[in-house]
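Going by the order they are written in, the chains are A, B, C and D; count residues from 1 in each one.
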Amino acid sequence: MGANGYGKDGVRLVLVRRHADHHELRDLTVNLRLEGEFAAVYTEGDNSPVLPTDTMRATVYALATEHLTGDVEDFGRVVAERLLAATPAAERAAVSITENRWTRLSPGGHPHPHAFAADQGARWTAHVTVDRPDTATVTSGIAGLVLLRTTGSSFTGFRRDEYTVLPEAEDRILATELAATWQYRPGPTFGGFAATREAVRDALLDAFAGHDDSRSVQHTLYVLGQAVLTARPEVERITLRMPNLHHLTVDLSPFGQDNAGEVFVATDRPYGVIEGTVERPA
Amino acid sequence: MGANGYGKDGVRLVLVRRHADHHELRDLTVNLRLEGEFAAVYTEGDNSPVLPTDTMRATVYALATEHLTGDVEDFGRVVAERLLAATPAAERAAVSITENRWTRLSPGGHPHPHAFAADQGARWTAHVTVDRPDTATVTSGIAGLVLLRTTGSSFTGFRRDEYTVLPEAEDRILATELAATWQYRPGPTFGGFAATREAVRDALLDAFAGHDDSRSVQHTLYVLGQAVLTARPEVERITLRMPNLHHLTVDLSPFGQDNAGEVFVATDRPYGVIEGTVERPA
Amino acid sequence: MGANGYGKDGVRLVLVRRHADHHELRDLTVNLRLEGEFAAVYTEGDNSPVLPTDTMRATVYALATEHLTGDVEDFGRVVAERLLAATPAAERAAVSITENRWTRLSPGGHPHPHAFAADQGARWTAHVTVDRPDTATVTSGIAGLVLLRTTGSSFTGFRRDEYTVLPEAEDRILATELAATWQYRPGPTFGGFAATREAVRDALLDAFAGHDDSRSVQHTLYVLGQAVLTARPEVERITLRMPNLHHLTVDLSPFGQDNAGEVFVATDRPYGVIEGTVERPA
Amino acid sequence: MGANGYGKDGVRLVLVRRHADHHELRDLTVNLRLEGEFAAVYTEGDNSPVLPTDTMRATVYALATEHLTGDVEDFGRVVAERLLAATPAAERAAVSITENRWTRLSPGGHPHPHAFAADQGARWTAHVTVDRPDTATVTSGIAGLVLLRTTGSSFTGFRRDEYTVLPEAEDRILATELAATWQYRPGPTFGGFAATREAVRDALLDAFAGHDDSRSVQHTLYVLGQAVLTARPEVERITLRMPNLHHLTVDLSPFGQDNAGEVFVATDRPYGVIEGTVERPA
């Protein structure tokens, strides 16, 4: 029996904190995984080392009230540590969390105590791995941030071979659905994962808006990564995934119209994929 | 040959208006349909009456620059009228538009001239039908508005039969993904479809937040519909679809915990569906 | 309060019949709806007429063992009648069923008593409406039947306007994801809904394969519908939805290659939509 | 700049071979990736090393007629080698292919020359990586094989902690959507990738049907893996992903019914995930 692991995906937790004058709302989707000395489970059908995935699920709910009090990274770590403690055969527990965010409604400009609308855009993500005896690795992230520039983006001077028909583009739409994940430097103190995440998002948005000389998705990816490293000393490295969501200029010449970068068709497939990690110099 | 129709679905149009100091961005998905005297196309294989669906698609792009200058309802009507004019066999043209919305980025608080982030929440919708010789019906809408109240919602006093195991709920989460469509009164002038839509959305959000005595999804649906009719005299009737996105209280008693409306599991399937039209008295 | 209705969608039922020497497996997704005199539920918050959607869900499970013994149409009718009987305010109950099908595994050519693989292709569908006092309407269907011809399909002689750039196609790929629904004549006896459905599917497949002179999707749609009406006297009318899943010939001339109808790109959006009902002469 | 890569996802290729008396149909979705010395693309905006993703896409179409003559693994290798040859900066090219399969229609029992229905079940997969100067790694696979046993599966004797509420199950439904990937031993000759794949699938199906004493998903996973290694000497190791698609026994006791493993609700989320590699002894 080679490498193996097991767990539960898609655990949906909604937590309401009922304060005297208002409610707080948290909404998580959690994936859980255990790895370790489980070979006999496979080869012998011996279930004695196996903490059931149903228990892994229940653990999320059982720990929520007491421990989901702040950052999802912290909650993820508590869950991972508990799973590891409850499962002697496990050498590693991993917890991945996606936080769906909600905005408090504000009728008449007054924040409402208990009514919310879903933020359906970017999601907060976290991935915590705890290895025995007690080494935790925390990765934070943002996913689903869809960005578009209508100008200030080119793609020229690229390599050509006999199958290259793409024309040089001096001015094109640049659109992406950005997913970022980052890890932390051991040293610098910081104001908590949420503070970093908000700041990373702001840095990404500002850098995306500001990069008016984008020569490629790659070029912008690097500018975004550098902006984050510059803004946040606690970030050790950041990995960015930036699919190139193609917008093709429609040929309107058959209809006697010029199309000076105005009318586009947004396509689903295929799409470019650009991925890279920007890290501090060693 | 009985009733029939044909058209094109999923036409993706992105339009950029390049003003001197800023760009405007529009992003539509358009479905197109023609109905009329097309029986011979089916029975004889006679294509002479058929405007190709590819031409229907091209029409959207060809008309965009000149006619997508304001409300999608107006653009939809222009497209529908053009399709009808180009197709003598057609008696009816229908155009359905979903507008995906984008928010201008504002680095440092300054609106950026050409960088945007996608609003991935509620979408604007419009459905325009034009019948020969020239009768237009316009329906406007909002889809994908996900709302949740953590309290102020009950479900009690319902009918019970031998298969009813649901307990009465004095205080439950009420969550829905609201879709609204409405039609217009012939009389009252108004400030344009966009103004109505923004106002309808505000009325829906305020009424949802304000309905602290919800006795059912149906009850809240009616309050929402009435709020719109009260706020906007130009709206003749409004149809609301409000799935009941169930949040089940997790039983924590096996873990020695009380769960006083704090820990919930959000479920995908099955889900309740509540639909109704609220209209003005005849 | 105008038109309204409520119910439960996405009720998943798996039924295992444990016979002595083999098991039978059924797998349904059920949607349920009630309509009638429910205005006070909306306007007054009076829940007394409302059979909860949770009870509607439970009814499916409670009736399964005794009543899901054969065709889904018959089971749907039993469920609809029960919902109507249990809900005095209701005037109509509607039940939509999709049956996901499984194939018994046959290791060594021997049908296995209790191991199955999912048929992930065409799904059986049924829609039963029962109106008070006792009028049932039954619609049967097949969905998700993906078909493709590599030749024997053209599209020429169509109407052209100034936005028509589509070339005439003497020989093209014809691909569709067919969905068919049909209703029954009052008179002719028949061997049960399943027998009709199998025969309808065979008639559709044979007619699709045999239509070597397809002049359009519409043309083939009609041939398919006629084939069903000819083969099955119990079918009163059949509605076919046949999206045109476009396969575009790739231009290989820049690479010095001729593309004589060999290399295609299958596209997702936009896609053509062709819908029509073929019925018997009055 | 740290690790990085780029490419194109979702390239859809349909190939028709027009033989004299029949047509062959192939239907692939291809993902392409390049890695290597591209740091300056990111840091300097220097595009000269970059083969455009559009060229990567075009390469698939340009090579199809000549090279997609047999196994997708062989076609993938040709594409990967070409991409590497065309891109001096690249150190690695990776090509992932999913083959969607079609079944020839057989009206009247006669195989039709050019009409097909889509097999919407299991898909063939292949992943080929070529590293400079010329080292290829080939992984073959099957995805989307949905299997279910109605009995002969238990889950007992597992570890319990204070959050464990799952009862022991002596007889439960075992359902999964199996995905398998395997790699090849350098030595043994074999009859081609397709022959192995068909044989692997048969071994998986037979072993799944035959494992009447399943003590867990893990246990069955191992039996499946061993069956493949036993049947096919050319397979070096096989990785199986087997989500546990939960089927919950419905409590019918409130309705006065016993439910002796007959009525189940199939759930979507959460679901168990079991993954493992079965390999030959070193």
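The criterion applied here is as follows: contacts are C-beta pairs under 8 Å (C-beta built on N, C-alpha and C of every residue); 3 or more make two chains touch, one makes a residue touch a chain.
Note that the structure is a prediction, hence the values are computed from the model and not measured.
Asker: Can you list every chain that touches chain B and also touches chain C?
Answerer: A chain counts here if it touches both chain B and chain C, which gives A, D.
Asker: If more than half of the interface residue numbers appear on both sides, call it same; otherwise different. Which is it for chain A and chain D?
Answerer: Both copies touch with mostly the same residues.
Asker: How many angstrom between the C-alpha centroids of chain C and chain A?
Answerer: 38
Asker: If you average the Cα atoms of chain A and of chain D to get two centres, how far apart are those centres in Å?
Answerer: Once rounded, the distance between the two centres reads 25 Å.
Asker: Taking each chain's centre as the mean of its CA atoms, how far is chain C from chain D in angstrom?
Answerer: Distance between chain centres, rounded to whole Å: 29 Å.
Asker: Chain A: which residues touch two or more other chains?
Answerer: Residues 12, 58, 62, 163, 165, 255, 268-269 of chain A touch two or more partner chains.
Asker: Which positions of chain B touch chain C when the two form their complex?
Answerer: 1-12, 31, 33, 38, 41-43, 45-55, 57-59, 62, 86-87, 155-161, 163-166, 213-219, 221-222, 237, 239, 243-244, 268-279
Asker: Mind pulling up the chain D residues that touch chain B in the complex?
Answerer: Touching chain B from chain D are residues 162-163, 165, 254-255, 268-269.
Asker: Which residues of chain B touch chain A in the complex?
Answerer: The contact residues of chain B facing chain A are 12-18, 23, 25, 27, 58, 61-62, 64-65, 102, 105, 107-108, 112, 114-121, 144-152, 173, 205-206, 208-210, 247, 250, 252, 255, 257, 259-267.
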